[in-house]
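Listed below are the structures to be examined.
Both complexes below contain subunit A, partnered by subunit B and then by subunit C.
For the complex of A and B:
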């Protein structure tokens, strides 16, 4: 392995943060590998219809389309010139740091320990079949791995027809389908309005949007809101669509149960107080689908494995701590987008740009520094907005609604009673012990679906004595044993 | 007026084809994910859980939860929300064992 086949910058994730960073870095003359699991750049927010569907108006499913088109033109030019290599349908499962074997290879590489320069090697599974893994080398690393939707358990949440709100929208944007004919949209956060608006526009009926938060709490954050008129217009646009289609939005309400035998047939909705505790009478809403989500959790697996420090966010989620240049504090590793605090696509674009400028300054110290002021300003005001939103859209109390037999971990089918007994009878005081005792979080999804719930339940049962740690996973996705065996057979370096 | 996602996005996909799901022909459009094909067919469950024997289908829709695992042309454990079927594909819903 030599630096000659290494890119200046590896960007993991081609969502808004990743494509903005790759494009900006290439503008400044760096060579970039942009590695992403999707078929097109865009991430989940700008997820594109599958090319074979030949959609002439993809913008009908998107907000901020012109911004996206502008970036895509610039990215395409860099891909055409060879300065950016965009690896689509590649899912990175690990990034390792290896010594640079090239004798003169220390130029630009990072000396993490001693004076030997190091390179990053990203290992990516190719295609959905994932039968093969490729290694891509780079001098600097930018993690733009995005987020997945935070879920909370409730009776009936494992019934077919219960889907994540983001997933319903992803399949709509990608494959032009709706998950059902009558879709209740529930949970908390700004995503819900966007999902409900696109579902009604695409022909589904939405009998209700059920939002746990109290909109009056926005009043506490007026300065941050008023600095972001564009965001307010976006929200008002979704609200206007819902009004036009007669979709009622029930705030301070939660779905307490999904009802049905082979699939969801109705949901039970109840009013909650300011702490998110159910206080009101229950009512039943008929539906064939529930699209639900309680905010976003950043995908931090690769970053945590590399030792990047993370902290708690206002909504309880985890985010990487970065400096003004989006540097993580780990030599050679930058991060942008949802990984450094969930805040949406516009914030991710600004952070991606700023991360790229910081990488350029580090790799090409001779170049004049010309970091534009615009993304710095955008980042400041959008972070204030994101933090206000997170303050409003907190995870509601949910454990009281769980029955003993409600599965908390979907993969391993671990019911609430199992988690509770692990804490109260067996003395577990943190999610990791609960996992070892019950297998909750040990299945295919590696705790992505139940992690928040287990953390909240343990914390509640131990009266807050539970130690909160960010969820680390040695492999960012399941890797076939055959692929791992091949890696083991490969001498390192 | 009946609205469809395809009208909304102005899609003009190539000719529809069928995939064989547990012996049944199901219509698909080129490019769509298998989960989307099954949703469009009105199918929401295609897996049975190991412990409780409960029906499951797509949940997260973005490849994170692995609830939608399915077998295509004999290849097991593929995520239906990511895999894109081609004409003549043989799909079987699986029981964990």
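For the complex of A and C:
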């Protein structure tokens, strides 16, 4: 097909949700463009070492590798036949909705109340050098843009040697390098055990796993847990590894500070109560690296810009609201994976598949509907599990540990005192007005790192009266002005 | 929380205009309550660039207002702020001057004529040659015909300016009530304003100032009067921080025509300027598309293209973010300022379109003067809020 033609489906993001959706849609006869910033399909979960490293056993670092290989074989067949166009190293900065130029040519395009059908145009920067932008057109859009790691500030968190838990794992998967010799793993969420297990297996010492949540809270969610024996076995596997290597897991504990001059040399750890408030004495744990993560925040920039409704999750994050077919409620737009609620790779696969079936039903109304029952069951089970996890692993209270000079926004170096004063003295009542008055969230990461922290601080300072709104980022990533100024080109044939 | 609270005047809106009205009213000795459903600077104020421009205004009442305001901004900026600081420093006031450029001789002639008319109205400006442009702005494109330099153009960070003016108003005794929504304007049997109702109670007052910006029409409606405030969308692009490379507010001569345009189509010409924090702002697209918040790729493309045309070295600089806002405008592109003859006790201070930050101090001063019965510093006739009524005046709904 020529590149100026519209694909049936644009899939943004080639993680588990995206590749499952692209493959399933192509199975049903749709033409698909699968657009992703990575060098291969798989997203954060199925990250692979760069090909140049010739890793012999990448699967040792992954759970469910055989499932992944099965999907990759099917996807490769569709790429070879031309029904899926996989655009790697393409970072989408905006998706535009335009009227379909060819009336008649849009079988199954979306017409809003008898108007002309609309097309979606994904604008993507090409390659790391981002020297040009291409436009890819499609009749339907599936957003599988994943999530990024949630960070919370604490004194010392900007010291070299403090890395994100997911970042430590990504480094291991990408380049087979451990981030340090003695790594404390801290924060909250199921990722911590898996990161710690990967680290000890790769040869690093892990003096402690510091988990803010109370494991007893799992008792409230027993039904959801018992429906997911596989997940429990997976978790037990990590726990077993940690036990074998003698790694202590301290639950209801948080890292209150990272200590060191040029680099982190130790962390102080303290016990917290159910609300996350520090109650116990502090103790010091020596380390050369701290890998810390407080769960994931979904990447919703493109979806919110298109008007997709979002709601709050049990752990305080934002997620798109979708129906049983993963439809967002905005004509022509579907979403799957972490964008509709953080829940892991298996859930993302099921959602991607179901989203694809829903798109097929919409674009090809004549085809017999045979949505398989398996992903429907899987999604129900795994979503219940994900909600249970989120309910247990909530963001702990952290503002009391901050000092006046602790940077909350590290890009713009905005300290806690600046944010507090903006709220108490200057009339900010939400993260946006804090940003306008302090520059918190205006830097390179555009508030992806400090956004949750600022929201929590504002909520606490305004006694919960602050209205929470998801952040708005009309440009999903930085775009050189010269590239923006040029007319969009087509992706290379 | 008081159920019934008494003050002289309730200002509806905690944006730049509301902040200025509150400050000047408080300084005139009135007790003031400012009420806003959102935070400080939550509407158009927080979505603007902070232009204090005289250069883009043709001779007439708005230019007079801008000149009065420019002088008031200078005074405000010079006020002390804590230990050794000035308010101007805290709100990033920069008297940097504006530089309007023309791409060819025809546009330069038109621009010079426009500037000459402004000079007669009290604007300081100077026509500069193509060579001189390079001295003023070393990184400007080399193929421009010339331009006009306006030393009175200045800039503030608008959200900080509104927040600090409100803070000063509070120090002068004003009460600021954020996150509180005005749901009604109370009147007595004679139709005179007696206060406002909010979602948290009642505030009794002798006067209500409508400084609700783009939502000014809705607040007027609560007072039973018609004020046709409409939204005009604009996008601003913000680059990654740069070392200071752009010294003035620089824009292309077509801009002046855009402000007065009655076209609903896109009118944009980039205003490009540096900020103390480093990022370059590229702004001022103008469209009438209601409250549609969707990013318009053609609009941001055009902004970027114009910025790169003015400053070619910006081509490799990343745009970090885009933001949008809705300028409140009235059909004749002049604000509504002063008492509403149709509803005694109701005052308006809204509809400043893209110029509200610049025009705020003069608006605040004029509103305070009319509230206290003093002689206004400028004739308010062109800003009368009832000037859009078809029928004859009356205290009517």
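Just so it is clear, the second predicted complex is superposed on the first by the 477 of 493 C-alpha atoms of A that agree within 3 Å, B and C clash if a C-alpha of one lies under 4 Å from a C-alpha of the other, contacts with A are read in each partner's own complex, and residues count from 1 in each chain.
In the analysis below, a contact is a pair of C-beta atoms (placed from the backbone, for glycine too) under 8 Å apart; a residue touches a chain by one contact, two chains touch by 3 or more.
Worth saying up front: this structure is predicted, and the values here are computed from it rather than measured.
Contacts of A:353 after superposition on the shared chain: neither subunit B nor subunit C is touched.
In the superposition on chain A, A:179 contacts subunit B only, with no contact to subunit C. In the superposition on chain A, contact is made by A:478 with both subunit B and subunit C. Once the two complexes are overlaid on the shared chain, A:36 sits clear of subunit B and of subunit C alike.
In the superposition on chain A, contact is made by A:158 with subunit B only, not with subunit C. In the superposition on chain A, contact of A:171 is made with subunit B only, not with subunit C.
By the touch criterion stated above, A:444 is placed in contact with subunit B and with subunit C alike. A simple residue count on subunit A separates subunit B from subunit C, and the partner touching more is B.
By the document's definition of touching, neither partner reaches A:8: not subunit B, not subunit C.
Once chain A of one complex is fitted onto chain A of the other, the partner contacts of A:149 are limited to subunit B, with no touch recorded for subunit C. 412, 444, 478 are the residues of subunit A that lie in the contact sets of both subunit B and subunit C, per the superposition on chain A. Subunit B contributes residues 2-14, 29-33, 35-37, 39-40, 44-45, 49-52, 54-67, 69, 75, 78-79, 81-84 to its touches with subunit A in the complex.
The residues of subunit C lying in touch with subunit A in their complex are 14, 38-42, 46, 159-160, 163-164, 166-167, 176, 178-179, 235, 237-240, 277, 279, 282, 293-295, 297, 300-301, 304-305, 307-308, 314-324.
Subunit A meets subunit C in the complex at residues 94, 96-97, 121, 123, 305-307, 412, 422, 425-430, 432-433, 436-437, 439, 442, 444, 446, 462, 465-467, 472-475, 478-482, 484-485, 487. Partner subunit B is touched in their complex by these residues of subunit A: 37, 44, 49-58, 60-61, 91, 128-129, 148-149, 158-164, 166-168, 170-172, 174-180, 201-203, 262-263, 289, 407, 410-413, 443-445, 448-449, 478.
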